[in-house]
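In what follows, subunit A forms one complex with subunit B and a second complex with subunit C.
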Partner chain A sequence: MSPVNYVGKSLPRGDAREKVTGRAVYINDLKRPGMLYGKILYSQQAHARIKNIDTTKAARLPGVRAVLTGEDIPDIPLGFMRDNRPLKKGKVRSYRDEIVAVAAISPEIAAEALELVEVEYEPLPAVFTPQDALADGAPLIHELDARNKPVKSNKLKLPWRLICGDVDQARGKSAYVAQGRYRTTWVNHCCLGTSGVIAEFDLNRNLTMYSITQIPYLAQNDYLAALKAMGLKDSQVRIRCQTIGGGFGSKLDTHCYEFIAILLANATGRPVKIQFSREEEFLAQATRQPAIMEITQGCDAEGRLTFRDVHMVLDNGAYTSWGATTPSVMMVPISSLYRVPNVRFVAESVYTNNLYSQAMRGYGNPQATFAVESNIDQLAEEAGIDPVEFRLLNANQSNEITPQKFKITTCGLSECLEKVRDSLGWQQHRKAKAAGETSTGYKARGQGVASLIHVGGGARVYRSDGHGMIMKLDDFGKLKVFTGAVEIGQGVDTVLRQMAADSVGMRIEDVDIVSHDTDICPWDVGTHASRQTFIAGNAACHCGREIRRKVFELAAGQLNRDPEELDMFDSVVYVRDAPREPGQRLPPADSGDRIPLAKLLRKAHFSTGGTMVMAEVFYDPPNQMLDREFKGNLSCSWAFGTTGVEVEVDLKTGHVEILKYFAAHDVGASMNPMLLEGQVYGAAVMGSGYALSEEVRLREGRMVNGNFLDYKMLTALDKVPVTPIIVETFDSAGPYGAKGVGEPGCVPSAPAIANAIYDAIGVRLDSLPMTPENVLAALKERFPDS
Partner chain B sequence: MKRMIEFELNGQQVTAEVDGGDLLLSVLRDQFDLYGVKESCGAGECGACTVIIDGRAVTSCLYPAMEAEGRSVTTIEGLAQPDGTLHPIQESFIEKGAVQCGFCTPGNVLSAKALLDKNPDPSEQEIRTAIAGNLCRCTGYHQIVEAISHAAGRKS
Partner chain C sequence: MKNIEYFKPTTIDQALRVKQEMGREACYIAGGTDVLVLAREKKLDCRALISLRRIPELAGISLQDDVLHLGPATTLTDILENGEVARELPILHDAVQVMGSTQMRNMATVGGNVMTAASSGDTLGPLLCLDAVCRLVSPGGERRVPMDEMFVGPRTTAAEPDELLAGLEIPLPAAGGAISSGAFFKLTRRAAMDLALINVAVQLWVNPDRATIAKARLAAGVAAPTPVRLKQTEEELVGAPVAEATKEQVAIRAIGRECRLRDSDRCSAWYREEMLRVLIPRAAALALERMGIAV
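== the complex of A and B ==
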């Protein structure tokens, strides 16, 4: 391995210059020659039979090139349970259902055409809560399953059941038991760049998708299946990702609008762009999954956890996405946050006529951790133990195996807890509280903590967790790194550049990342599960080593040495033991003991029997898929963290102000502190919005706040004073010791804030978001006479 | 009804044929190919389309194009020097990690410029107020505030 020169430094992003000058091209900015504009008509009913759709007026509007309904297209099953279609046929199941699509020469004409479409509905009884959907005689959202067999219930045939040890027995032996019921709601990813795509066929009927997907290679597969259904069985698909205006999990599925663009492009023979408005983004983009969570935990007389028992009901909405599998990640904190020997987790997902849900940063972990960590505080109080001490007593340790069979190799949880405790001034606050000094007039201060465990070394969600990478040295000694990783703003390109430069021994200016094109870049399973720094980073280390080996073989002849005697630094190959000036890493330029990479490569190319220097690697980490019991080492390293907050609650208005916010993260090793802190800041604020203000409000399935005035994302004025605390445990499985960190920051925000609110006012907020209205309502319920 | 208007755009006098209903955002993007002016909400709520008009940060998605007549409009494309030298605020955004996905970045940079042109030494609260209309989903604002503060000449 070459010396570390760039890894660990706060280097600015490679794409920052393009972004601060407005030069970066997002899908919103892209046009193709001859392009048409597609628009989608959504349902005006939550649940209804489609009796008739009259598109004749729309089709006659000048400038309209195609009008499609569910009747005009082949059957293209979409979604995790294959229960969705690009355009709905026969009936609609939610207000977000796509029923008609048009392509026209301008977006205005396309929109006008949609207004000319007449749809006749026959309304059906609808259900908007999982309870109603599970009631006897509830209307069925889907009458048939994916195999066209009749179904009897709205319950998804996707049971989640994790059993470790014997919960009932452990409960009987517990000294203290605490029970809670928690709810979370729908939230939107709110990517500032709205969704869009251009579908374009060439004359050979091959398809190019100008796209913003986080999963280009899995999307390729989905689109190929659609093309096959359209009769285009020999067509190929190329995906070219544009600059992506935010991901956060919203691009981990292929979505209806993408298939609609393909269908319209096929119908018209022209490239078709579909670009969402903000309202459409709120309406048609699936949300984070809402959950109703019942939890009971117990501990012995000393405070050691004895069992954790969790039952969840998830409102799936009308269709499944990959998000239907979020319980698989909810299991992570439920089974393995703190040492708890006996665990039971049962979850059921239920179809309703609401908007459907999908992956979002943390993938179920924020919901589950809200229940687990709120309930830990309840249990600590029951046992009369300080909440931080209680957590320290039960904290995971390095080199342990959890009940779900996760192998915890390195664990900085105790350090995170201690650092957050000390930074908060936890003991001083306790004393002040005991002395009655934490509330004055109508304001009360409180502190709370919550921790997290998340996958930090990839996640074997699919049979492969692999990543392909190619490195190529060009004629000028520049390194091109071809990767399947997608840059969604998280900074993977920059971190990969640092790792590639160091693993080869090059100047970072000589290294470029080539990505976002499935025709050019090798396969990768997707940009999800906080995996790219770890997975693509490992690929970069392996691939870089291979490049070095080849370079040294070439240079050996030039320098008359054995390859083993050579090293490389700053893009110069040199003899390791050659004499050099004091303080110089490289031998003198005229010594004959060194050769610049560029010169070496030209010699390699321009010689008889010449050669080139390329390397490839397919890195697939040694992690495991969960088995039939949902057990196995899903990730080959595990990320931990603790968030501690101090809040001030205004008892008159219910407003919660965050006075302190410490976010400690065991990241393995910091690859780029500035980018790492950027992830922590951003996730903490996203998590705080989830805790305090954000909610997609549905009234009988209809979204009523699909805009940024009524949907309350935190603004710069809602200051969350985040202080990142970076804990390094140097996990040997990670590249340069790193673990993933993209998602973890938003996981413990809500329970830490809820615990602090409880500490301040003695009222436990059990539903998100904890808006001023909800805080006041909870206060009134708890203290009806005051 | 269409009408020719004349205004200053990034330091140059330009003319544009605009309709009464045309918004400045679409005129800048469609007639002048200034794609750094981003549309995200179309309702003046997110600030991605911010431009500077006569020294004030304005959401161009609500601004009638005709109102630009005789005014001076600066978009993100007008900040760097022709030789590529970046404006100090742009440099600060790069150095301080204030950019992630980048979609809100032009708007945030321009709101910062409108602030610093008037108030070269703003407090953190003044900075936060100036960008309160510029939503960012990635950064949590911290590094943006830091970048603006840094650009104002303070060490943060």
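== the complex of A and C ==
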């Protein structure tokens, strides 16, 4: 590999200028010739039979080109349990259910047409909590399963059960045991760009989707299945991703509105765009999975963890998306955060008439870590051990295998804990607290920490964790990198450019990324699991090596040397051992020991029997799918981190202010510190919002705060004073030593803040969000007399 | 929002004429930060909008004979940046500072806040405490309505349909050597872009002895269907030692007698009550602190 020139440097994002000047084309900006506008009518009932839908008036409205209901479309089962349909037929199961779709020549006419639709419902009893849904005689949300067999219960046939060692025996032998019950709620991804798509058929009935998906190649598969159901079995699908205004997991599934756009485009023969309003984004987009979590942990007399026992009930909502599979990642911290030999984790998902959930940054990990890390503080207190010392005592170490059979190759957890402890001034704070100096008047200060483990080297959640990449050198000496990775704001294009330039030995100005188009770019399983820096980065290293090999073969003839004698830097091929001026990496320009890449490639193209230089790689990492017992080395490397916060709680109002926020992350190696810190800042604010203020509020299934006024996403003024601390462990599996860091930052925020609140006021907040009202209520319950 | 006529008068007379012709079918719009929200929610019941942004005499801040004349179309940003407001009316400055965001303050006007008359309107408590007067003009002439008589019901003012808010007059609290200051607190779930869960405004005048209260004004928002002044408490405080205004007991009494708190999706009544108990004393203490009086 060539010398490192760009990797590790804080280079600005390649798309920064386009985005800040408004030049970047988001789906909101895009129009196609002859395009129609689609709009969706959602249910007005939580659970009801659809007796009749009268669309006559809507269809007659001038400018309307198509009106569709569930009765007008073929059966297109959606979601991994195949329990959802683009437009619902027969009955609705939640307020977010799509029942009618209209395409018209303007969005206003489409909206007016929806107002003319008359729907008659026959309301059914509804259930809004898992407990009610599991009660005897509860109404069934789905009467039939995916195979049309009658079901008996609202419980999903998805038994999550991980058993390592013997929890019951370990419990009996534990010196200290702590128990807790924790609860998290629905939150929205709040992507600044709302959902949207344009579906367009050409005259050969091939479909192009102008899209914002994170999973273009899996989405292609879903759309092809829909086309087949529509009788278009020979149609092809091309996906062209636009500039994406935030992903965070919200685009990891294909959604009803995308299929509705396809159906409307097919019905009208025109391109159809569906663009969500913010209100619609709140109403119809699936959220983070809420969870009710019971946890018990124990330790021996010295404080070493003996067991961890977790039981969860998940409110699945009315349909399944990836939310129902988040226990697969909840297992990661439950089995493997700190060394704990005996683990039991059981989770069940239950249908209700609420919103359904999907992937969201951390994929279940923030929920599980809230329970685990809050409960670790409880246990440390039981054992009379300082919470940081307790964690250090139990911290994972490099070269160990966890009970779930994860191979921890490198682990910077202890270093993260120590750095956060020292940055916070943990010992000074302890002393000040003992001296009664941390509370003054009606304000009390507290400190808390929480750690995380997450996949850092891809995640084999599908049979493949693969990534295809093609590199092409042109005769101007420019390198095009064709990748299946999707830029969703995380900065993958910039980091790939750095790694590609260094792996070949080129100037970064000569390297461009070509992506976001399934017709042009090779296959990739998706932009998820914090995997692209690791996976696409490894692909870039492999592919770059192949380009170098081919270039050196070409140059060998030109420079009269063996390929092994050559090297490349700054887009110039040179003889490695050639004489050169002091301090110069390259031999003198007139020496005959060097040749610019552009010149070399022109000679290769413009000569008889010429050649071109391209390379391709399909990188699929050596990680494992979880087996039947949910065990196996899911990821090639594991990311760790610790967040430490100091808060000040107003004892009279319950308001929590974050005074200090240190986020230490074992990232393997930092590819671009500026972008990395950007990920940490963003994740810290997202995690703090999850902890303190964000909550989709449902009353009997109906959302009461579906807008940015009432949904309290934190603002720039709600300053979370984040200080990122980068810990480098240089994992040999990663490109240049890197691990993924896209999701981890938001994982430990809530428990760190909850632990700090406990330290400040002696009250443990066990439900998110920890709003001032909830904090004050908890204070009053704990100290009724003050 | 389609098929809405848009008028752009440049004088008050032109605006009044359009309004007179169209009656309830026309609606005034200044910054649009309330009107456009209603329109988007399809709650705006009119077919014409009369913009007040091009009428110069409606905007601006000037001081004459110890009275601050505040044009209703003055933006919140202009109020925030006005030195006299910051110096003489900290109670109003406090309120404007925590309204919306920079972009919204650049659009929103103080007159809009008054005429929307939401119980949560952040300038309303301060204007009540400052004994501001509204100048309402109509084709029939002009009348002056004390702020205290403006808020007659939920989102309803004393202005007749043909009347336009043409000016706000605020007598300077410290006129004639009086010792006075005020403070405003707003309780929100985040630091910006938020509506008050409750808000509290307190303006105090103290006697030359600096130990007893000469006059008090207390107001609360989202504590009742309209912004309310806590008049009984104001009267009881006259002549009392300054520390009395900062006592929780005083706040508790005021809440019991003069507020009507309710549960909503945004906040529960018990928490609102609890916060009034906390914020009334804190606002009073800050007002005293601003006069250099420690309690």
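Everything below uses one rule, namely that the second predicted complex is superposed on the first by the 786 of 786 C-alpha atoms of A that agree within 3 Å, B and C clash if a C-alpha of one lies under 4 Å from a C-alpha of the other, contacts with A are read in each partner's own complex, and residues count from 1 in each chain.
Here, a residue touches a chain if its C-beta (ideal position, glycine included) is under 8 Å from a C-beta of that chain, and two chains touch if they have at least 3 such contacts.
No experiment lies behind these values; they were computed from the predicted model shown.
> Is the number of subunit A residues in contact higher for subunit B or for subunit C?
Ranking subunit B and subunit C by residues of subunit A touched puts B first.
> With both complexes superposed on chain A, which partner does A:693 reach: first (subunit B), second (subunit C), both or neither?
The second partner, subunit C, only.
> Have a look at where A:652 lands relative to subunit B and subunit C in the superposition and call it first, second, both or neither.
Touch partner of A:652: subunit C, not subunit B.
> With both complexes overlaid on chain A, does A:772 touch subunit B (first), subunit C (second), both or neither?
In the superposition, A:772 touches subunit C alone.
> Look at A:720 in the shared chain and tell me whether it touches subunit B only, subunit C only, both, or neither; answer first, second, both or neither.
Touch partner of A:720: subunit B, not subunit C.
> Figure out whether A:712 sits in contact with subunit B (first) or subunit C (second), or with both, or with neither.
A:712 contacts subunit C only, not subunit B.
> Applying the document's definition of touch, where does A:193 land relative to subunit B and subunit C: first, second, both, or neither?
first
> Scan A:22 for contacts with subunit B and subunit C and give back first, second, both or neither.
After superposition on chain A, A:22 lies in contact with subunit B alone.
> Where does A:685 make contact in the superposed view: on subunit B (first), on subunit C (second), on both, or on neither?
Touch status of A:685: first partner only.
> For subunit A, give the residues common to its interface with subunit B and its interface with subunit C.
708-709, 713, 715-717, 719
> Mind pulling up the subunit C residues that touch subunit A in the complex?
2, 101, 187, 189-195, 265-268, 271, 274-275, 278
> For the complex, give me every residue of subunit A touching subunit C.
108, 652-653, 693, 697, 699, 704-705, 708-710, 712-719, 771-773, 776-777
> Considering only the defined contacts, which subunit B positions touch subunit A in the complex?
34-43, 45-46, 48, 75-77, 79-80, 86, 90, 93-97, 99-106, 109, 127-129, 131-145
> Which part of subunit A faces subunit B closely enough to touch in the complex?
10, 12-13, 15-26, 28-29, 189-194, 243-248, 277-278, 488-491, 674-675, 677-678, 681-686, 707-709, 713, 715-717, 719-720, 722
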